[in-house]
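Given below, in the form of structure tokens, are the structures.
In what follows, subunit A forms one complex with subunit B and a second complex with subunit C.
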Partner chain A sequence: MQHTATISRLKAAGAPPRLSGLAQWADRHFKWLLVAPAVLLILALSVYPLLFSLVVSFINYDFQVPGHAFVGLKNFERVVFDPVARWSLLLTAWLSGISVAIEFVLGLLVALTMVRSFPGRGVIMSILIVPLFISPVIVGQAWTLLLQRPFGPTNYILTQLLGQEVTIGWMTESPWLYVSLIIADVWQWTPFMFVILLAGLTAIPPNLYEAAELDGVNAWQAFWAITLPHLAPMMLLALTFRLLDAIRMFDTIFIMTGGGPGTRTYTASYYLYTVGFTQFHLSQATAGSWLFLIFTALVVMLLVRRLLKTEPV
Partner chain B sequence: MAAVAPVRRPKRRSIPVGRILLLGFFLVFVLWPLYWMFNTSIKPSDDYLTVPPVWFPTAPTLVHYEAALFAYRGLDGLINSLIISLSATVLSALFGTLMAYSLARYNTGGQHLSFWVLSQRFLPPIGIVLPVFLIYRGVGLYDTHIGLIIAYTVFTLPVSVWMMFAYFRGMPKSMEEAALVDGCTRWEAFWRVAVPLAAPGIVAAAVFAFIACWTEFFFALILTSRTAFTLPTVFRAFIGFQGAQYGEAAALAIVSLVPSIALGVLAQRHLVRGLTLGAVRG
Partner chain C sequence: MNDHEKRDFQAGLEAEVDAFMRGETTRRTFITRFGQMTGMLAASGPILAMMTDWALAQQKLELADAGSPLGQAQAAAMKASMEGPADGSAFRAVEAAKAHSGVTLNMTYEAGLQALDPRNFSGPMWEQLTGMKSNVVELSNPDQYSKAVAEHIAGSGAYDVLDISPAWTPSLADGGVIAPLDDYIAKYMNPADLEDYHPLYKALPTYKGKIWGFFDDGDMFALYYRKDIFEDPKMVEAYQAKFNAKLAPPKTWEEYAQIAQFITDQMAPNIYGAGHFRKAGSPGNQFDFLQQYRANGGKLFGDDMKAGLVSDAGVKTLQNMIAANAASIPGNNELDAVSLWAAFLTGKVAMIYSWPPSGRMAANYSQSATAINFIPQSQIAGKVGYAVVPGNPEHATGYNKALSADSANPEAAYLFMQWACSPPVSLARCMLPYALRDPYRISHFKSELYGALFPSAKEYLSNLNNSANVGLLDPIMPGAQDYFLSIDRMCTAVWAGADPKASLETAAAEWNETTDRLGVDSQKAFYTEFLKLPGATADNTVEKLGMAVTL
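Let's turn to the complex of A and B:
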């Protein structure tokens, strides 16, 4: 008897204030109510559009051809057999591969110079991260101002440095237009590599290096034996994130070359954009974007799976 | 001579020439386009094509700023960008925090739900934006502020959710448990206890959501036209013109990069978490 009395007294003391039916229901399903807004939004604006585009890619949805007839795989065929599409996918792979590789090496080198503290490090840090907060459109604009003939000063500077007349059409001549696009990408995203790799480098316990120094290991050996293995997960993470963004490359091309001359600087995104929004073959564009999606998913699976296995956190 | 064994000297503090050169080169590389853009923005048009180029304008002018903001509707773009980015940021931070809390404290949906959200971050926008364009035209959201606000909220949600997910997981739950024992509802434990404690993380997530919206171009290009156009899309006006609009383009660029750079540098403590969606603690 005494027990139940204690329990009921405890209940009275700790009992939550009387909740209405609705509030009780909300408290019971609390965790699902919290995720509901975000999940519903993603369903409405990402999953539903994707399913819708899957439908569109099997029918005729073209602002130039009336009607929405089912056309089977025709839209996909048009993309697969379009030489421009294949060229754009190849260019996407090349441009993103080269850009990301340069960004990685340069980012790592700069990160290595910034590991130890020195006077002015904070200020330099703040300057180096600035490109990350700039719209790619503006990055493209900035490099256009520097490179475009006859306005840009780049050819003049090169002429002075090399002692002979330089007249490169940075935005019009192959291969220089690819160089220009890569420079713009490297300018904007090397800081990304740098920031992540620096975080990885500063997390390596310094006593490892002290011990190595006592053992007479030189700096180069220490880099291979200590830095590289400790940094590997971080490197993979930085490369994965960066690569997945690089293959979307669109904004700088839109501003700097407009895909031209001809279709020489069409990346996958740019190709699909022109098919959809300047030629208005919307179903062909959605079919192509599904193929691109599958291509991206393969890259993700390859890289992110590895990442999840090695990631220490 | 060669036989003399090198005696290991105590490490000398030599001047690291290579490092200084590399860092110096990289600093110049980063700053040079920014300087040239600023230089172009205040340079009179007569100075555009001189040889050698005008490195320091002797007669700086603000005419390009005036033209960019008014003649090219840069100011309208700026106002639209502010409305859209701020609204999307608030919604993204709010819904992101709600979901992240549920994932972190109740393990809602297990790994599947959280990775499903993460996978959204890696979808190529071109795959989403085509059907969204068609849907928006159908429901009247094309070229509206609301339409772009919704799109930006969804597109920043993965980052908000994952940044806050990591933040809540790194926060002890004892305070909330104490609140629950004291008779708080779960909502009260969340809203009155956890959210105030997580405020710095929420602010950081909001800053990165804002920067992402402020600098976004692709969705705005396709989903807006003459009414809800944002600042980055104004740059379309400067493409292809030979020479005449350099100053205007540069001026507009300077105007639009100030807010995001200021916010980004202020929030740089959280930069690593922001860039890696909370996977790495900076």
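Let's turn to the complex of A and C:
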């Protein structure tokens, strides 16, 4: 009966048109057709450039040296033996490490403060996350306006607060230029940490805290015994994401210090940009990018492995 | 098929049929819609391009008030293009270009203010005269070269006219990116218009005996100083008492630092003696070092093409620059060109040396254009004097208009270049308040109309001409940007406290590496060609070669 009913309903709907040869083929290979655009896009935009860049790193690809002769490991050698490259790698690790650490601590503190409801919380949260939506170039420009002498107000304000004249060269004097870069980065990215950690905190079941309270556990103990273990995966996730982003630090440096003085604020990204797009030594920059990619991949591997191992209590 | 399988099949079929009946997505409709979406995506590119073209379309021709000097210059440019003289380069270019009506020329310009001239003035005027459209491609400074080379390698023919720094001419000419103009010049140009170039600029587009473009921007550094301070009787008296000399614009770099320090000592914190754009990456360091180093007798390269930086001249130059920095406004080493202008225009510093727009801004002429309103209004208008930079001023980069070798319309592109750089049209372009094109023709320096732009414009033009007479050119050879970068790094490291001698050695090592990379013999050949140009060294300036222009 059921079969008859179904057939009659199908008849009422009209017979489907006959499929053409192409349509039949498409029907047979439907699953491949579905993934084909994505695969083609990945091949065109990722795999081909990646392979091409590998080729470029072994040949001469310099706007000012005619021809594309095979040069073996020469481009890699130039990067490895370039003291500026080595310094930029160190600075990248140092700057990103310190920035992310500060952002993490501040983000956690703010998240812990904001996890409970209080009047005006929504407004404060909205204000806190505004820096996330600002382009890093604008962030760099804004901090330049605040810090740059003679027009920036920072030294004036510090002079008024401290009662003695402050004449810090925020973007030209060590260690202040690093402080400036870290301040700009922390200002922009602490909200990122805050948002992720807050999400983690709100996911912790409140009954755990209620039970702890009944057992007479104080706030510090609750933090160590409940919050930290439950938040650990989110912490690692936030640190991983942020660290991956921080090691690409470029925009604020480009705007605030121009890599100077000398090469003191050259990060790996800034170094590669300079070699590739100021000096036009594209093959050297490509070789450097590969080396940087290997270093980054190692860090990522370690972090992701740790992330995958972490399980909530 | 057992009962269980039959039930499953029936349930699946039911669900499919119900979905079909309800008009929900089936595999078939999915494929159809996916195809439609792909089609729309494919079509969106051209649609977006059309919208972009519309958004960035050529502006309507912007003309100044007919009674103003600029308005008169624009009218004269129009008249010369339409009515002649018949042998004028502008008129001949327009007449020949009418055959190319309907063609669109793609021309690269540095993004920002530089591009406003072809967008608002020369592009629309050219279209009105010839029916040719212009598509202005705005690029950042490095991209003006990287894109040109990349498009040449791809053979895309994306550009017709390229705006390039003269330093790039040899590389781009040898690389086949730009084409020589000699045949076109012989066919279309009035030779007298080539002779109208100031001698410092005339030879700039010449390489290996051919002409690879038209020089189009006289970026000559000049000294701008506060006349009211230099003429203040109290200051004059105090300077006389301290140094037994007259307070006047400095003639040497030692004197420059001395005067800057004197003014700072007398007037800080209200006014400081000097200011410089010394921020890393801002090109002030390289230009300043190169002009002082060569004025101090320094040689860029030895006979073996080893860098000549580690020398007494190098050390002396850096020491002079350090002394000048110490006498300057706080934050001197953090300033870029725009913030230096802001410091000067707001009356905070007494002396700066920079590009020619400094004079136009100081007179408040540039600020009449809304496009340039990020520059503060001048509080020192009428108080500014002009002088030649001590020793020899740097011609800090400049621009050539070059013909892309891959242009699909090379003749049309050439004709635009000839017209835009012709005396009457280039004069009007240089007079635009928002433009950053600076006078470079003898007729510009002598122009009554330009001289009427602001009260001291004649003195300003005269000083630019005098500066060009003793001016020095940036090195014009491959690797120039590498050499410049090393100087910038060296200078900023020294400003941050590094030892000058050690920094010179580091920079010299980088120079040598660049030379080795590009080929010592090849670089030597380029350098030898460069040394033939007037203004390549302090010993063969235009003046020393007996070619000085007197207005």
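Going forward, the second predicted complex is superposed on the first by the 278 of 313 C-alpha atoms of A that agree within 3 Å, B and C clash if a C-alpha of one lies under 4 Å from a C-alpha of the other, contacts with A are read in each partner's own complex, and residues count from 1 in each chain.
Basically, contacts are C-beta pairs under 8 Å (C-beta built on N, C-alpha and C of every residue); 3 or more make two chains touch, one makes a residue touch a chain.
Owing to the predicted nature of the structure, the values given are computational and were not obtained by experimental measurement.
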{"item": "Contacts of A:T172 with subunit B and subunit C, given as first, second, both or neither", "value": "second"}
{"item": "Subunit C versus subunit B, contacts on subunit A by residue", "value": "B"}
{"item": "Which of subunit B and subunit C A:F81 touches, first, second, both or neither", "value": "neither"}
{"item": "Which of subunit B and subunit C A:V65 touches, first, second, both or neither", "value": "second"}
{"item": "Touching partner for A:P150 - first (subunit B), second (subunit C), both, neither", "value": "both"}
{"item": "Touched partner set for A:L106, first subunit B, second subunit C, both or neither", "value": "first"}
{"item": "Subunit B versus subunit C as contact partner of A:T274, first or second or both or neither", "value": "second"}
{"item": "Subunit B versus subunit C as contact partner of A:W220, first or second or both or neither", "value": "neither"}
{"item": "Contacts of A:G258 with subunit B and subunit C, given as first, second, both or neither", "value": "both"}
{"item": "Doubly contacted residues of subunit A, that is, touched by subunit B and again by subunit C", "value": "16, 26-27, 30, 37, 150-151, 254, 258, 277"}
{"item": "Residue ranges of subunit A in contact with subunit B within the complex", "value": "14-17, 19, 23, 26-27, 30-32, 34-35, 37-39, 41-42, 44-46, 48-50, 52-53, 56, 61, 106, 109-110, 112-114, 124-139, 141-146, 150-151, 153, 156, 187, 190-192, 195-196, 199-200, 213, 216, 234, 237, 241, 244, 247-248, 250-251, 254-255, 258, 268-269, 272-273, 276-277, 282, 285-286, 289-290, 292-293, 296, 300, 304, 311, 313"}
{"item": "Subunit B to subunit A touching residues, read off their complex", "value": "8, 11, 16, 19, 22-23, 26-27, 29-34, 36-37, 40, 48-49, 51-53, 94-96, 98-99, 101-103, 105-106, 108-109, 113, 117, 119-120, 122-128, 130-132, 134-135, 150-151, 153-154, 157, 161, 181-187, 190, 211, 214-218, 221-222, 231-232, 235, 238-240, 243, 246, 249-250, 253, 256-257, 260-261, 263-265, 268, 271-272, 275-276, 279-282"}
{"item": "Subunit C-facing residues of subunit A, complex", "value": "2-3, 6, 9-10, 13, 16, 26-27, 30, 33, 37, 62-66, 148-151, 167, 169-174, 254, 257-264, 274, 277-281"}
{"item": "Complex interface listing, subunit C residues touching subunit A", "value": "10, 13-14, 17, 20-21, 27-28, 31, 38, 142, 145-146, 149, 171, 174-175, 279-282, 329-331, 333-334, 339, 342-343, 348, 478-479, 481-482, 485, 488-490, 492-493, 495-496, 498, 503, 517-519"}
